[in-house]
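Dropping a structure here in structure tokens format, bear with me for questions.
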Amino acid sequence: MTIDLTHAQDTARVLTEALPYIRRFAGKTIVVKYGGNAMKDDTMIASFARDIVLMKLVGMNPVVVHGGGPQIGSHLEKLGKKSEFIQGMRVTDEETMDVVEMMLGGLVNKAVVAALNQQGGRAVGLTGKDGGLIRARRMRLDGHDLGQVGEVERIDPRVVTHLEAGGFIPVIAPVGVGEHGEAYNINADVAAGKLAAVLQAEKIIFLTNAPGVLSKRNEILTGLTVPQVEGLIADGTISGGMVPKVRYALDAVNSGVKSAHIIDGRLEHSVLLELFTDQGIGTLIKG
Amino acid sequence: MTIDLTHAQDTARVLTEALPYIRRFAGKTIVVKYGGNAMKDDTMIASFARDIVLMKLVGMNPVVVHGGGPQIGSHLEKLGKKSEFIQGMRVTDEETMDVVEMMLGGLVNKAVVAALNQQGGRAVGLTGKDGGLIRARRMRLDGHDLGQVGEVERIDPRVVTHLEAGGFIPVIAPVGVGEHGEAYNINADVAAGKLAAVLQAEKIIFLTNAPGVLSKRNEILTGLTVPQVEGLIADGTISGGMVPKVRYALDAVNSGVKSAHIIDGRLEHSVLLELFTDQGIGTLIKG
Amino acid sequence: MTIDLTHAQDTARVLTEALPYIRRFAGKTIVVKYGGNAMKDDTMIASFARDIVLMKLVGMNPVVVHGGGPQIGSHLEKLGKKSEFIQGMRVTDEETMDVVEMMLGGLVNKAVVAALNQQGGRAVGLTGKDGGLIRARRMRLDGHDLGQVGEVERIDPRVVTHLEAGGFIPVIAPVGVGEHGEAYNINADVAAGKLAAVLQAEKIIFLTNAPGVLSKRNEILTGLTVPQVEGLIADGTISGGMVPKVRYALDAVNSGVKSAHIIDGRLEHSVLLELFTDQGIGTLIKG
Amino acid sequence: MTIDLTHAQDTARVLTEALPYIRRFAGKTIVVKYGGNAMKDDTMIASFARDIVLMKLVGMNPVVVHGGGPQIGSHLEKLGKKSEFIQGMRVTDEETMDVVEMMLGGLVNKAVVAALNQQGGRAVGLTGKDGGLIRARRMRLDGHDLGQVGEVERIDPRVVTHLEAGGFIPVIAPVGVGEHGEAYNINADVAAGKLAAVLQAEKIIFLTNAPGVLSKRNEILTGLTVPQVEGLIADGTISGGMVPKVRYALDAVNSGVKSAHIIDGRLEHSVLLELFTDQGIGTLIKG
Amino acid sequence: MTIDLTHAQDTARVLTEALPYIRRFAGKTIVVKYGGNAMKDDTMIASFARDIVLMKLVGMNPVVVHGGGPQIGSHLEKLGKKSEFIQGMRVTDEETMDVVEMMLGGLVNKAVVAALNQQGGRAVGLTGKDGGLIRARRMRLDGHDLGQVGEVERIDPRVVTHLEAGGFIPVIAPVGVGEHGEAYNINADVAAGKLAAVLQAEKIIFLTNAPGVLSKRNEILTGLTVPQVEGLIADGTISGGMVPKVRYALDAVNSGVKSAHIIDGRLEHSVLLELFTDQGIGTLIKG
Amino acid sequence: MTIDLTHAQDTARVLTEALPYIRRFAGKTIVVKYGGNAMKDDTMIASFARDIVLMKLVGMNPVVVHGGGPQIGSHLEKLGKKSEFIQGMRVTDEETMDVVEMMLGGLVNKAVVAALNQQGGRAVGLTGKDGGLIRARRMRLDGHDLGQVGEVERIDPRVVTHLEAGGFIPVIAPVGVGEHGEAYNINADVAAGKLAAVLQAEKIIFLTNAPGVLSKRNEILTGLTVPQVEGLIADGTISGGMVPKVRYALDAVNSGVKSAHIIDGRLEHSVLLELFTDQGIGTLIKG
């Protein structure tokens, strides 16, 4: 047996660099929003799963909230049902709501759960119905009927904290439950943000399709304060689909979450790099 | 205010009659197999939910395992996909498996969860993937390829007992997980029986479409011992679809579950009547 | 076997009607004052015992405080000792105090304990001496020497809460203990009220010889607020022996007990009817 | 201020001599049978109480079982009722049983409890009815009807161990409870011995009217083994009322209690001297 | 066997006299400063150890802080190193600091630990480095360089309270740790006082070479209040080496320690006499 | 900000490679023998300390046993005392034993503790005297008087497990305690092995001055079974100072420790490399 000492020393160096981050986040809750675009193939899911399981093993409490827009759209197509969107939100009649619930709660959620368990985690999937986790009501939008699109009314985090305490990793599909037991389609970013606020999470990490918030010269902006972000929205630097995402990040930070991160979910092990390296990746918004 | 004393005394009598049963089953786990045919309308589901929540409130630990055959069939039809059955088992190709998982784990499971929570319970839905609950492998049937039909390899009950301990009611969809994270379609009666055995349940109750095991003169047979049941199968008294159900009941009883019950799920509050009245209902098989 | 389905469905209905009350009172302490007149024969005691044990089984924490005036009087007679009363209170010389203590703590208390245990409870009898539960001092009444009649100085509820936590039902005889270890004769209604206040009980229920507080036209009055009760005393509607009882109920409610109930102890299962039916029975005074 | 150093050093010496005994018995249960003759005046009771409270404070778990024969006899006299004895056992008709229960459970028990609490203990009095502690049945004696004289059928020690765990000192009156809730008069030595066996006590100490087991030359015998005691009974050295007492001590030792002690209850602080000095006092019987 | 009853009764009297003190100090932390002069021979150490172990056994939480000046001095001599003192503090260069640490933490500390364990205790030795117990910084003294003489910056008592909770007796050598891990020589009286303040101790006891604080007529003064002590310093009654000791006692009392005691460590069992007798010994300063 | 993605991906890869090892050793005790030669400068100590703290942070329970031969030798020289060795063991008269105890327990032990705490650990130093951890007796060697050289008689691991449970890292100097409280000089390899056996450790890692056990061609041998090691000793492959070290490793493995490792303590982060890489380093001996 020959030992490759250079490689070995690199290994040791990386591990010891991670040490202060492990210490800082031990016992802390970290909410990760995992978007439907970042789960396009099994390799991406497996890489994500390894990161989350590692977080749990070294003593953090990761909570995963996932989306699933592309998966829902594709199943609706199979059923020959046309998707309609108003201001980026899918109009959700009862039949569509059934598909949302089936797809998010039945298929996507369990795929994430199984991937985490394949990496040695003990994940448990939930929707907002389980343990009454996400109470929702019909969203009101002037002049439009969005059907079963809901807004979050109240979070009851007990099922999440009980699972955390038992060593399980909660994985949450953003389906809300109304006062009569009916299901609502909830925006996953919103659900993640509200949950992070109620859990007083240390961090919320949004995995997106972009490297982060970009300047007009396409550089990643980071270390942003709340007023700076407001300024960047006002002057148009932040625009398009990034605006609502940044708004949810601000809401979380304003509700007591220590920091929000918008990072590139397409990059392998992006969560780990954000957590365990000095430079981090993507855009950090500080409370 | 006038008090209707006759009514009042009836109330008191019923409650005190229930007392010895509450005492006997306090802290005991009772597995209830809830079939797809017994959830045909909201009234039936609500009645079932009230019974289960009452069990929990008076100190028992109900665990619900549900089916969903009719719901799966109807969605496959919508997708224009034909169902094929071999020896009563649905041949399950990968596309069908997706529908099974979506329907059982995403829709039926959450409908039961929501109904329990509407009655004041704190239910949490699980499939066999969650917490690695049901490990399965491909079922071998001579000369036939059933696809993703699975048999139970191992039960890891920790997620169930942890939820029980937290005051939650576990509701389980019979989807198993293979060694590579793939999903398997598991017979709900089998899953319920194995789970009851591993949990060393006090009782397992099968809600069916029949009043119980019937004699040749159509009387409900009850108080049956294991050898008596074997005799009734041998002489043809028990036949047809009741045979496998009775076999699963025997397996549970032979694995340490104290008693198995086959009762009529179409009868309102049938679970309650089985538990809280001197005569019980349906067929009891004793260990 | 034939099942009487009408009867069965009645049973189920009663049980599910009880469900919201079981839920509402789960884990709550409920103090029941059980008067000497309501324990006149074994049937009455057994009926009362069944009610209390059922409360415990479904998750409430009943605490029983009992009287025993008739039993004390009858033993004093045997000893050829004449009873003297001033303003409804028995003048209690030392010899009489011994009889009070023997009778309440030794005989009546243990009869109630044994009756509860016969119904499957695990009751433990206490007097105010046990664990220093009721510290008392000599009651001062202008111009009269009442001997060992005491007033409550302080309640140390630790022995009660420790027994509750162990699944036991505390049964308390109203004997107080003075600073030199001497015994005092305490009014049972007062002891029950003070104990309910210190335990921050959900309810206090007084079992009496009357159907409740009656209007001038002999109707049972209920849902009374504190000011309404004061009005009814002022205008003479409430009079005689009911006045002090109502006053103790008011004291309890004013000290944080959620509600006080004056109900007919002679009616079988009256406690159960008060707790588990929508209409309740007797007179309710709200905090 | 002048310090009397000789006295001070004596004090220190006594305390440090006690150290190994405190260590040896820490956390151990020690059952003390306290006879009716040793509670004749308040000084004797107070001295006994101080000893027991000291035991508790230094970490032992004392359990007191008391008698009360003289007190019962004297109350029966007051009621003009004649006592009859067969083979040393009081014939106990129902009226007598009521007096036994009142006197033991109501008066003597609470006097011991109050004395312990006066010394700073937290004592709780029990009879065999409380928590179903002592289950008894009618004693059979050839050709004689002893009425409610009972023999111990079963001990359920949970109420005792729960009170111990809460820091309370259990004080037990030897009244048993039959299968219908009826009371039985139990020999206090027997009750103490059985309880010590079930609790697997470290020691049982019988406080008696004699300095211990005496030789024919009136010397106290100690350090006796089981066979030696049998020999002393056989050769008549142990005779009269000491025989049954020694037999109960043997029973306890044969059931796993480490040692039994027969000591002089009339001697002030006799319990303390037995426990905390090298020589001990009275007669020790070893297991 | 003859029992010496006079002796026995003395024993009992001493033990019962100790009872109220055992009760009063149960569960309380008592810091004992044990000076280097009071550990001159094995008999003195054994006597001290017996006292401390007895405290632990009867339910108190003793914490020992020891000095070791003479032992350090004698080892420095062996090494041929001269000791220099400024204002009573040993100038501590790095080589001297090594000797301080070796001697206090390695030899004296373990001698005290071994002595406690010989008496049946379970002692664990600590320096201020263990568990980061005593964070220190270089002491500033105008115009002088004292080297590694330190002042206490912060106490982290977790290692002490964790050991206490496990039944261990913490024994602490007054070595502090600086921000770079370097060792500091801390005055033992100061360390004991600060620790008592952080632990909110019931008492701090300083074992010294004097019978206590003496009046000008050489009588021991006791029961002193804070202003009285200030007066005695101002008028010169307290002078010399007693002044700083009294100041540390005042600091402790002003920080919430209930009382401070300055007693004669040369007197056998002095700690016990202070704790368990009505008169106590030495000088008491009240909060 | 520019992200160096190659570097980032290397980081992620190393971390995820570590994942299975973190999982496998979570909650397991790992004893590390840290030799005096591996603590020659502050950099080496700091590197070792980072490794141990990382182990603790990711959920393992490291226990450090250290030596200190060179440090002892150098202090004895300062004192002008000559060291004598018999069969590799230092003849230890009482004066030498004092130096051993001072140096190991007072200086080396605290240097390791301080280094661990500088890296964010919470280390607590112990010798075998603390909590009676290592009971020893005089070692018998034919014809030689080794003085206070001891052999391990008994390990009482409670102080170690209690500190582990509190999140502390135990650091142990190999000083034993005899039945009269006297100190013994114990071989650190032996102490580590015995401790690992009593704690049923997952691994014992010996940090040495060699790369491991070498073949005759100077290749590192690894994956050795117990019989293979016996063979290598028999044929002379293992010789010299490596023989006793390998013997202690065998003893540990034969007593239930899962594996023993002999690795190069001079290599930076050698502990980490052994634990967290697929190839490991040095020589592994399997149970």
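For reference, chains read A, B, C, D, E and F in written order, and residue numbers begin at 1 within each chain.
To be clear about the criterion, a contact is a pair of C-beta atoms (placed from the backbone, for glycine too) under 8 Å apart; a residue touches a chain by one contact, two chains touch by 3 or more.
Worth saying up front: this structure is predicted, and the values here are computed from it rather than measured.
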(message) Strictly by the touch rule at the top, which chains does subunit B share as contacts with subunit D?
(response) C
(message) Can you give me the shortest step count from subunit B to subunit E, moving only between touching chains?
(response) 3
(message) Between subunit A and subunit C, how many steps is the shortest route if every step has to go to a touching chain?
(response) 2
(request) Average the CA atoms of each chain to get its centre, and name the chain whose centre is farthest from that of subunit E. (result) B
(request) Among all other chains, pick the one whose mean CA position is farthest from the mean CA position of subunit C. (result) F
(message) Centroid of subunit B to centroid of subunit C, CA atoms only: how many Å?
(response) 44
(request) Take the average of all CA coordinates in subunit A, do the same for subunit D, and state the distance between these two points in whole angstrom. (result) 68
(message) So the centre of each chain is just the mean of its C-alpha atoms; given that, what is the distance between subunit C and subunit D in Å?
(response) 35
(request) Determine the centre-to-centre distance between subunit C and subunit E, using the mean Cα coordinates as centres, and give it in whole Å. (result) 56
(request) Please list all residues of subunit A that touch 2 or more other chains. (result) none
(request) Please categorise the chain-chain contact pattern as a line, ring, star, complete graph or other. (result) ring
(request) Flag every residue of subunit B that touches subunit A in the complex, lowest number first. (result) 78-79, 98, 101-107, 109-110, 113-115, 117-118, 122-127, 129-132, 158-159, 162-163, 166, 168, 175, 177, 180-183
(message) For the complex, give me every residue of subunit E touching subunit D.
(response) 1, 3, 5, 8-20, 22-23, 26, 50-51, 53-54, 57-59, 119-120, 219-220, 222, 267-269, 272-273, 276-277, 279, 281
